[in-house]
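Note that chain A is present in both complexes that follow, paired respectively with chain B and with chain C.
And then the complex of A and B:
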C-alpha cells in the first residue's frame, strides 16, 4: 500500500482558496482523519486526492506514482460519499460486484466470493439479494462501504459517511469500519467534522483550518498538545479554556486562576494566553493548597453524568468538568486548582514548546 | 369582541370582512373558501370548455351523422355508418400504416440522434462556441413547418436545389426527391428528423440535468464502463423526461400534416399521404364532415392509446423495480 504525498497543493475557486498550499504525507496503511469545521477545505482536499477535483497548483503522489493529473478511474482509489450512492436498479450483491467487473484478473466466481465475504463482514448476508431500494439509508451506506472495500484498492476515501445516517446505523457503520480495518491495511482518508469519530477511528488526525492543515498528528497528542489555540478550542467538548494574564510583567505573569505568578516564557513576544482543558480544572468545596476561590455562574449536566460548571474568577471566565457532588447552585463559591503540568502557553495563537513554570 | 378591537389570529378565515359600501356583499362572496378556488380556475376552465370540450363533443356527435357540405342537405343521424365506412376503406388502412411507419422511423431516429447529440453537449460548458452551436442546433425547431417545408422543397428541387447541385457536382445524376415515389417518403421523413431532433436534444439535456452528480462521480471512481453508466445512472434518472419527449414526439409525428401539405401534398401518388393529410383532404376538399369527424375521433383514440401505453410502461417498470 502506498503513502499519500501532497506537495504545495492548492485549489482556488475564483478568488477563494479552498485549499491553500498544503504539504503533507499520510503514511501507508494508516487511517488519517481530515477534521475541521465546515468550509475549511477538507472535502475539497479529499476530492483532489480522489481526482474529482483538479488542483490549481501542487502535486499528489501515491508512493512514487504521480497521480496529480490522472482521472479517478486510473488512480486505484475507492470512495464512500456523504449520501449513500447506489446503483439503484441493482440488488445489494450486484452493487458490490459491479466495480469488480473491471478487474479482468477476477473470475465471476471469485468476484461473487469476494462480495459475499464483504457482506459477511458488514453483517449484510441476509440482505444479499434484496433490491437496493428496499434498504434504509443506514443499510445503503453500509453497502456503499462494502462496495469500496471489496475492490481492495490502495487508497479508500470516506467523505463524512455517517453524517446522514441515524445514530444506531452510525454505530453499526463504525463497527464495520473497525472490522474491515482489522482485516485489511489500506491507506484510508476519512473526512469528518465529528471529533469523537476522528478520535475513535484515526491513527492520525489532520486538523484543518481555512484551507490549511494546522496540525497533523496522533489523536492523543492532538488533544493534549494542540499546536494552536484553534486546535485547543476545536477539540474537546467544550474546548480548552484560554486565560489572559492581567499585568504583573516585572514580577512574572499573573493569572486570576493561579495563586502565584508564572515565569514569562523566553520565546513569548506577542499576545500570550494560557490554556487548560475543562477536565483538568480541579474543583474543591474547601480551600486547599494552590487553590483560588471561584463563583459558579451556571452548571449543567453533561453526557456521562459529569457536571459542567461555568466559573468566574475575577475577570476570568472558564469551564470545568467535575464529578457529581460538587454544588451546582448558581452563585455558589468553590475553590479551583489549575495544575501547571496540564497547562500550555500560546503565543499569538501558537503553542509554545516550553513548560509552564511558577516563579520561584 | 369590542367594536374597534384589533382582529386576532384566532378569527376564522371565513369571518366577515369589516367593509362598508355597495361592494361589501360582493367582496364577502369572493372571500368564501368554497368560491375563491373556482374563481381562480375560471379563466382556464372557460377556455378549456369553449375550445376543447365543446369542439370534441361536437366532433364526437358529428361522427354519427351523414353530413356533406356539398349536398346542401342537413345532417342525418347514421349511427356507426361512418365508422364502418372507414374500417372498410383500404385507402385509410394504407395511409394509417404509412403514418405508423413514419412515426416509427421519425421518433426512433430523432430519439437516437437527439440522445447522441445531447450526450455530446452534456458537460461541455467550457467548450468554445457552445452557445452558438446550440442556438444553431435548436433553430429548426422554432421554424414554422410551412417555412421549413418551403426551405427544404427548394433544397430538394431537381433543377435549382443545392442538394442536387452537389449530387451533380459529384458526378451523379439529379434525384427528384419529392417527385420520385421511391424516395419522397424518406425525403419528407428526413425533414421531420431535421426539424425535431433538436427537441429530443433538449429533452436529453433536461434528462441529463436530473442525473445526480455524486452517482456519476461514484461510477467514475468505480471504473464503470460507459454503457453501464448510461444504463444504470443516466437512463435510470432521465427516463421520465426522455419518455415524455418520446411520447410528445410520437403524438406530434402522428399528426403531421402541414409539412406534407407544403412539400408534397401527399404525393407523388399517395407516397407521402399520412392519415392527417387524408383527414384534411376528406374534410376540406370533399367536405365530407361526418366521415372526417369519425376519422378524427379514431385518430384521437389512437393518440390516447399511445399516451396510455407510455404511462403504463413507465409505471410497470417502476412497479417491477420496486417489487424485484
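And then the complex of A and C:
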C-alpha cells in the first residue's frame, strides 16, 4: 500500500481558497482523520485525493505515482460517502460485487468469495441476499463500507460516513471499521467533524483550519500538545482553558491560577497565554501546596457522572472536570491546582516548544 | 366507526355526478357499438336490446382498419421509445454537466410546447415533402419523437435533479463508465419519471390527428385519421363504424392509465423537494 504525498496542494473556488497550499504525507497503511469545523476544506481535500476535484495547483502522489491529473477510476481508490449510495435494483451481495466486475482478472467465483468474505467481516452474512431497499440507512452504509473494502484498493476514503446514521448503527459501523482495519492494512483517509470518532479511529489526525493543516500527528499528542490555540480549543469537550498573564512582568509572569510567578521564555515575544485541559485542573476542598482559592460559578453534570465546574479565580475564568463528590453549590469556595506538566504555553496562538519554569 | 356526516354524503354524490357526466359519452359509444344503426338512432334511446358484434366484425374485416390500428401502435410505441431515450440523456446532461446557457435552452425547449401545432404545420409539410419523408414510418416517428422530446426533457430533468450527484461519484470512483452509471444507478431511481413521461407521450401520439393527416398518408394514417375519413358513409354519419372504432380506440389509453396511474400522479408533481439520496 502506498503513502499519500501532498505537495503545495491548493484548490480555489473563484476567490475563495478551500484548500490553501497543503504539504503533507499520510503514511502507508495508516488511518488519517481529517478533522476540523465545517467549511475548513477537509472534504475538498479528500475529493481531490479521490480525483473528483482537480487542484488549482500542487500535486498528489500515491507512493511514487503522480495521480494529480489521473481520472478517479485510474487512481485505485474507493470511497464511502456521507449518505449510503446503493445500486437500488441489486441485492446486498450484488452491490458489493458490482465494482469487482471491472477487474477482468477476477473470476465470478473469486468475486463471490471476496464479497462473502467482506460480508462476514462486517457481520452482514445474514443479509446477503436481501434486496438493498429492505435495509435501513445504517445497514446500507455498512454495505457501502463493504463495497469499498472489497475492491482492496490502495486507498480508501471515508467522507463522514457516520453522520447520517443513528447511534447504534454508528457504533456498529465503527466496530466494523476497526474489524476490517485489523485484517486489511489499506491507507485510509477519514473525514469527520466528530473528534471522538477521530480520537478513536485514527493513527494520526490532520487538524484543518481555513484550508490548511494546522497540525498532523497522533491523536494523543494532538490532544496533549496542540500546536495552536485552535487545536486546544477544538479538541476536547469542553476545549482547553486559556489564561492570560496579569501585569507585573518584572518579577516574572503571573497567572491567577498559579501560586508562583513563571520565568518568561526567551521565545515569547508576542501575546502569551497558558492552556490547560479541564480534566487536568485539580479541585480540592481544602488548601494544599500550590493551590489557589477559586469560586464555583456554576456546576453541571456531564456524561459519566463527572462534574463540570465553571470557576472564577480573580479575573480569570476556567472550567474543571472533577469526580463526583466535590461540592457543587454555586458560590462555594474550592482550591485548585494547575500542574505545570499539564500546561501548554502559546505565543501569539502558537505553542512554545520550550518548557516554562516557575521562579523561586 | 365515525358516523358519516351529510356533508360527506353530499360530497360523494357530487363526485359520482361528475364522474357519470364524464363517463356518459363513453358508456353511450360503447353501448352503441353493440347496436344496429336503427337502434343507435332510436328515439327514445334503447337501453334494452339484443347486442350484436356485427360492427366489430365489419370493422376488423375492412381493408384499412387493421393497418391503421397497426400504424397507431407502431408510431406511438416507436416515437415514445426514441423520445424518452433521447430526453433522458439530454436531461442527464442538463442536470449534471450544466452546459453554458442551460436555463435558456430549457426555456427554449419549453417554448416549443407553447407553439400551436397549426403554426408549425406548413414548414414541416414543406420540409417533409422536400426530404421525401412524407407518409413514411421513419418520417412520422421522427416527427412525433421530436415533438415529444421537450416535455420529456423537462419532466426527466426534474427527476434527475432529485438524485444526488454522490451516486455518480460513487460510480466514477468505483471505475464505472458514464453509461454504466446512467443505466445502473440513475435510471432505476428516475424510473417513475421515465414511465410518467412515456405515458404522457403515448397519449399525445395516440391522439394526434393534425400532423398525421397532413404529413402522413395512406401508408401511415392512424386511427384518429381513420375516424375522420370514415365518418361519413352513404350520405350520412356512419354511427356503427364510429362507435365500434372509438370503442377499440379508447382501450389502449384506458389500460395504460389504469395500470400506471400512480406514475401519472408522480409525473404531475415532478420537481418537488426530495432528500439527498
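Following the convention adopted for this analysis, the second predicted complex is superposed on the first by the 360 of 360 C-alpha atoms of A that agree within 3 Å, B and C clash if a C-alpha of one lies under 4 Å from a C-alpha of the other, contacts with A are read in each partner's own complex, and residues count from 1 in each chain.
Just so we're on the same page, contacts are C-beta pairs under 8 Å (C-beta built on N, C-alpha and C of every residue); 3 or more make two chains touch, one makes a residue touch a chain.
Everything quoted here is computed from the prediction, not taken from an experiment.
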Item checked: Fit-or-clash call for chain B and chain C when the two complexes are aligned on chain A -> clash
Check: For A:242, is the partner it touches chain B (first), chain C (second), both, or none of the two (neither)?
Finding: neither
Notebook entry, point to check: Which partner does A:88 reach: the first (chain B), the second (chain C), both, or neither?
Noted result: both
Margin query: Output check: A:73 vs chain B and chain C. Expected answer is one of first, second, both, neither. What do you get?
Written below: both
Check: If you stack the two complexes on chain A, which partner ends up touching A:98: first (chain B), second (chain C), both, or neither?
Finding: both
Margin query: According to the stated criteria, A:52 is in contact with first (chain B), second (chain C), both, or neither; which is it?
Written below: both
Checklist line | Of the stretches 5-13, 41-49, 77-85 or 167-175 belonging to chain B, the one that collides with chain C | finding: 77-85
Note to self: Identify the residues of chain A that lie in both the chain B contact region and the chain C contact region.
What the structure shows: 50-52, 71-73, 77-79, 81, 83, 85, 87-89, 98-99, 102, 147, 151
Next item on the list: Could you please specify the touching residues of chain A with respect to chain B in the complex?
Entry: 50-52, 71-73, 77-79, 81, 83, 85-91, 98-99, 102, 131, 133, 147, 151
Next item on the list: Report the residues of chain A in contact with chain C in the complex, numbered from low to high.
Entry: 50-52, 71-73, 77-79, 81-85, 87-89, 98-99, 102, 144, 147, 151, 157
Next item on the list: Report the residues of chain C in contact with chain A in the complex, numbered from low to high.
Entry: 164, 166-167, 169-170, 172-176, 184-185, 188-189, 276-277
Item checked: Residues on chain B engaged by chain A in the complex (per definition of touch) -> 212, 214-215, 217-225, 228, 231-233, 236, 321-322, 324
